[in-house]
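Look for chain A in each of the two complexes below; its partner is chain B in the first and chain C in the second.
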Partner chain A sequence: MTETKRIKAYGDALDDGAVQLSFTLPVDAGPLARAAALNLAVQMGLEHAEIAYMTPVSQGFSFFVVYGRCRHSVDLSRLQVAEAGLEEMDFFEINDYIKEHIGRKINVVAACTGTDAHTVGIDAIINMKGYKGEYGLERYPWINAWNMGSQVPNAALVAEAVRRKADAILVSQVVTQRDIHIPNLTELVEMLEAEGIRHKVVLVAGGPRISHQLAVELGYDAGFGPGTTPRQVASFIVREMVQRKLGN
Partner chain B sequence: MKELLDRAVQYKSIAVVGLAKNTGKTVTVNCLLDGLSNRGLTVGLTSTGRDGEKADVLTDLPKPPVVLPRGAVVATAGGCLGQGTARLEILASLDISNPLGEIVLARVREPGTAEISGPERTRDVQAAIDALLDWSDLVLIDGALDRIAASAPAVTEAAILATGAVLSYDLERVVESTVFSARKLLLPASVRLTPQGAGLLAAGRSGVQSRDGTVKPLPMATLIDGPVELLDYLDAQWSCLLVGGALTNELARLLAAAAQRIPGLEVVVRDGTRIFADIRQWQELERNGVSVTAAAPINLLGVSVNPVGKHGRRIPGAALVEAIAKMLPGVLVVDPLA
Partner chain C sequence: MKLNLDSGLVENCRAAAQKIAADVQDFIRDKTTVAVERAILRLLGINDAADGVPLANIVVDAIAARGELNLGAAYWVGNACKQLGLSPAAVAQQVAAGELDLFALPRFAPEELHPYLRQLARPGLQRIADRRREREEMLARLPMGPAPWLYVIVATGDIMQDVVQAQAAAEQGADIIAVIRTTGQSLLDYVPHGATREGFGGTYATQENFRIMRKALDEVGERLGRYIMLVNYCSGLCMPEIAALGALERLDMMLNDALYGILFRDINMQRTLIDQNFSRTINAYAGIIINTGEDNYLTTADAVAEAHTVTASQFINEQLALAAGLRPWQMGLGHAFEIDPDLEDGLLLEIAQALLARQLFPQAPLKYMPPTKHMTGNIFKGYLLNGLFNLTSVLTGQGIHLLGMLTEAIHTPFLQDRYLALEGAKYVMNNARHLGQELEIRAGGKIEGRAREVLAKAAEFLARVADIGLFAALEQGMFAAVKRSRDGGKGLEGVVMQAQGYCNPFLEEMSTELREAQRNDGNKAD
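Moving on to the complex of A and B:
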């Protein structure tokens, strides 16, 4: 039996449950809007709820910051968390690892797919200059990296991956309005299955609202969220390749 | 449900795949588990991805749990054992893993709920089915999300398609997308395809077949993005295209535009799961006289319907069942909870 470890939100004192919440209501700022915001906070279960801030944001809309106490707690010992970020290696260790365990350069094809036009995230991982003081995958002597840019149709990404004999496919999804990323991401998995190459590649998704758990649920090998650095991704790819014996 | 069970018992492996999340796949699987074990069969179960967990990772909405009858056998990641009320006895461990751990085979000692997290990749799903069949009479595969690859004839003998109000509250639209998806799965077998052509397709390669049945493999690594050089290999003589991979909008567009020059153009895919062209591109192919067929047809046992949408709102279940059934003669359409 694992020991339970319950925690609550922290404000000034342990277990006070203090939380801060912000939201917008489609009603002009004023006494009515304030009452509506408070009522909503109470319905959410906040105790001692108070409106700390109210401001008009445009005609017919008002923005609120609410303080309150949340009586709920979480038991850390009962949580199951899926994480891709095993042990990270650094630039030199990764190149050595490829040289030693795979013995040839590995091929990585990357794109931001569908209608999504955000390139900065995938560039951070792939481009030479990299991100947060780390080199991107293009700079790795033992990695051939191709960055196809944004708004790449899934079919074009798969075609490129087949032609480049990709060992890993990296997909970025930044726009998640109306869950548009979900069918786009599953379509890619299904196309790779249809082409008979899903089991031959390491398939990775990333973006500010992508979690490892979500990616795995969608049929990816890993998912990377905000603040990801190139070597976290490279470490995962090479370890997965070796574990699944994809290097030959 | 009785009729669906009558059909189900004739197969060794059945994939339950959906048009989307929350189309009632798990409910359908539960009804099958219950009904088949009541008929004295030992049922095996696995899923592509996670199933039966308490809340949906996307929406956090509560999900129905998988309910396992006594004696059933499951293939699931070790990390999921002990997440439900069913008591499981581990039989063997497979040489496959998913991100939640190594996949093990376990038998249900005490019936109850469980979380099933099976292999992610179709290649591994095949291996899990083979292993499950050593311990059971019939294997069910619960497909994740809108992924249908597990219903390919190379993987499972038969399929059930789940659909419902989660697609739209507009009945017409649910019917339209369900019928289109079902028709793709029901793609007829090609009558022209030669054994040599079938062999090429089974290996996942593409080629062209001539009127006299000669088969020539294509040098392109893939046709998925509709490469224009493909047209150099097609004419009135070589009018049968064998597509070893996906038939996408890109490829369909290229073929529809070139169809005039290639009388009698037939496109043979491996099976209905390889079609990614949308309704519009599909109709465009039809309008241009291109026929699309499959090397291996899918045994679609039936369509299951969930009339309840995302926020608990319903569309009329009986009307939905009737409308789909009318468009798909010969296909059994059921609302398992009706």
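Moving on to the complex of A and C:
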């Protein structure tokens, strides 16, 4: 039995519940708009809600900055958190880990799939240059990494994964307007299952709107959001491979 | 503010870029592409579709299938027009309906038909010239504010929603509206038809969508007493066709980079370089300002280490633009504010780069792109980054100022994001309007030193590219650290060698007029 630990949002005193938010309403700025914004804030669970700022943003639209005290709280002891996390290893530790536990170079195939043309995320993880001062996977002596670039059809990614005997497949999705990434990510899982190779690879999704939880729900082994560095991804891949005995 | 630059180095850069551009022009001179030919048909008035397939595609595909595209689509359509006494549009309709076989008709000798083709081209040329005059008249009546002009994007996927957002942005102070294209359009080998209400990360570029947005911006411009410019994307596999449609519907600016598609969309380099030439000629003739894409280099490469590739590419884009008939005021050469914000004195380097571009291309309305790579989701810090970007822009006299969004890296802009961006930019630019005229760059200081260093590296880089040629440079990954092969990438199958008697009546007429205008520019400059 764990002890309950309830917390509220924090402004300048414990449990004051202070939050700030901003939004637009499709109504001209004025007393009616102000009342509407306040009403909305109350429905969102804010007490002592204050409209700090209201301004027209164009015909028929007004913009608000609102402060209030959110009455809701969360019990930390009852939360279950899905996180790909684990402990990160650094560049040298990861290479040593592969050498020691797998004993051969591992193969990683990566792509921005579907119509997505934004490679900035996948480039940060894969390309030599890397991200935030960390080398990308291409630079790892114990990793063979292939970055297929943008707008890669799922079928082409699966074919490349088979050809390269991929141990891990990384998929980047940046454009998520109208949830276009969901069917696209799902299709890849279905194709890997149809090919009978889903269980043989570590399957990872990444992108600004990708959470670990979402990725797992869609049938991926992990999901990585914004700010992820190459070694976080590499650490996950190699540990997962060893855990699932994929290195043989 | 003036940088003390080595004018010999500047001349070296221009000479090298000129050689690079001349080599490219030599290569493309005797070639055409399916996209060039479709653009010709569109300018001839073939802009309808059958069951959603553009007639321009149907006709060009029919000619290509017979292996006869090397005489040019204008020849085959023109031949049918003259034999049958029909308009190009009517010929295309009959071909699409399967009622007409272009190859079953008697044939005029190609050269014999050229005067007739020039005549057929006249209404299209006239329509573009009318659009251009219309713009000039409107600009005189509804003058734009001082540069930097504020440029925002709309990207809802639904042209009707785009209209709402664009009009709102104009009311909030935007000078320029770009309708971002749906992701993936650059790789379509046709231009979709009609108004579209679905897209991802943007809205399809179609002639009807152009028309809808043009009308909406004209309306709001009249109301505000300011002309609002409209931008779209002349890139991808349909570069020249988009240029044709933009010219016909009075777009004011086009993203139109010579190398972007090659590097970032893996489009074949031969295809792109041929396509960009005709697309730029059309833009030049239509009085459209092009925007080049050097800023993109810095999204994959480091902005400090690779700054010279931006400068080098600006020189190359300038020379290719001149070769296509563009005039300096039409060259929105690109660069970006992408230096890591954690770097000490990073702002000094940004100012150096922006001022260097300003000084190297004094007549060009430089296109300055906001921070994107170092936007993290921390909207508060992001807003501040945009503030320094705005300050650098007004301080150094940039022309086309893309507004940074505080929610960059989170979602396509909300209405309020755009409002906040415009409010911030207007504040900074008004508040610091003439700061640049009050300050001098310290001789031998950090800013000048940085600008001189970038210029020197650019000169060295350009000399190397000039030495091996642009194609080999692209093969070796000299731009944006991306390697592309001469015969790789998408669209090579659409490249065709011209046969004796080939005719592109628009390119000939436009080039003749544009050369004349350029000569006048030269005389004035002397």
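Rule of thumb we're sticking to: the second predicted complex is superposed on the first by the 248 of 248 C-alpha atoms of A that agree within 3 Å, B and C clash if a C-alpha of one lies under 4 Å from a C-alpha of the other, contacts with A are read in each partner's own complex, and residues count from 1 in each chain.
Just so we're on the same page, a contact is a pair of C-beta atoms (placed from the backbone, for glycine too) under 8 Å apart; a residue touches a chain by one contact, two chains touch by 3 or more.
The structure presented is a predicted model; accordingly, all values stated were derived computationally and were not measured.
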item: Chain B versus chain C as contact partner of A:E217, first or second or both or neither; value: first
item: Touching partner for A:G11 - first (chain B), second (chain C), both, neither; value: neither
item: Which of chain B and chain C A:D116 touches, first, second, both or neither; value: second
item: Chain B versus chain C as contact partner of A:A159, first or second or both or neither; value: first
item: Partner with the higher number of touched chain A residues, chain C or chain B; value: B
item: Which of chain B and chain C A:G247 touches, first, second, both or neither; value: neither
item: Set of chain A residues, in rising order, touched by both chain B and chain C; value: none
item: Contact set on chain B toward chain A in their complex; value: 48-50, 57-58, 79, 98-100, 120-124, 144-149, 204, 221-222, 224-227, 244-246, 248-251, 273-274, 276
item: Chain A - residues contacting chain B, complex; value: 80, 82, 84, 153-156, 158-159, 162-163, 179, 182-183, 186-187, 189-191, 193-196, 198-199, 211-214, 216-219, 221-222
item: For the chain A and chain C complex, residues of the former touching the latter; value: 22-24, 57-59, 61, 63, 114-120, 123, 127, 129, 149-151, 175, 177-178, 180, 208, 226-227
item: Contact set on chain C toward chain A in their complex; value: 155, 157, 167-169, 171-172, 182-184, 186-187, 200-201, 264-266, 299-302, 373, 376-377, 409-412, 414-416, 419, 481
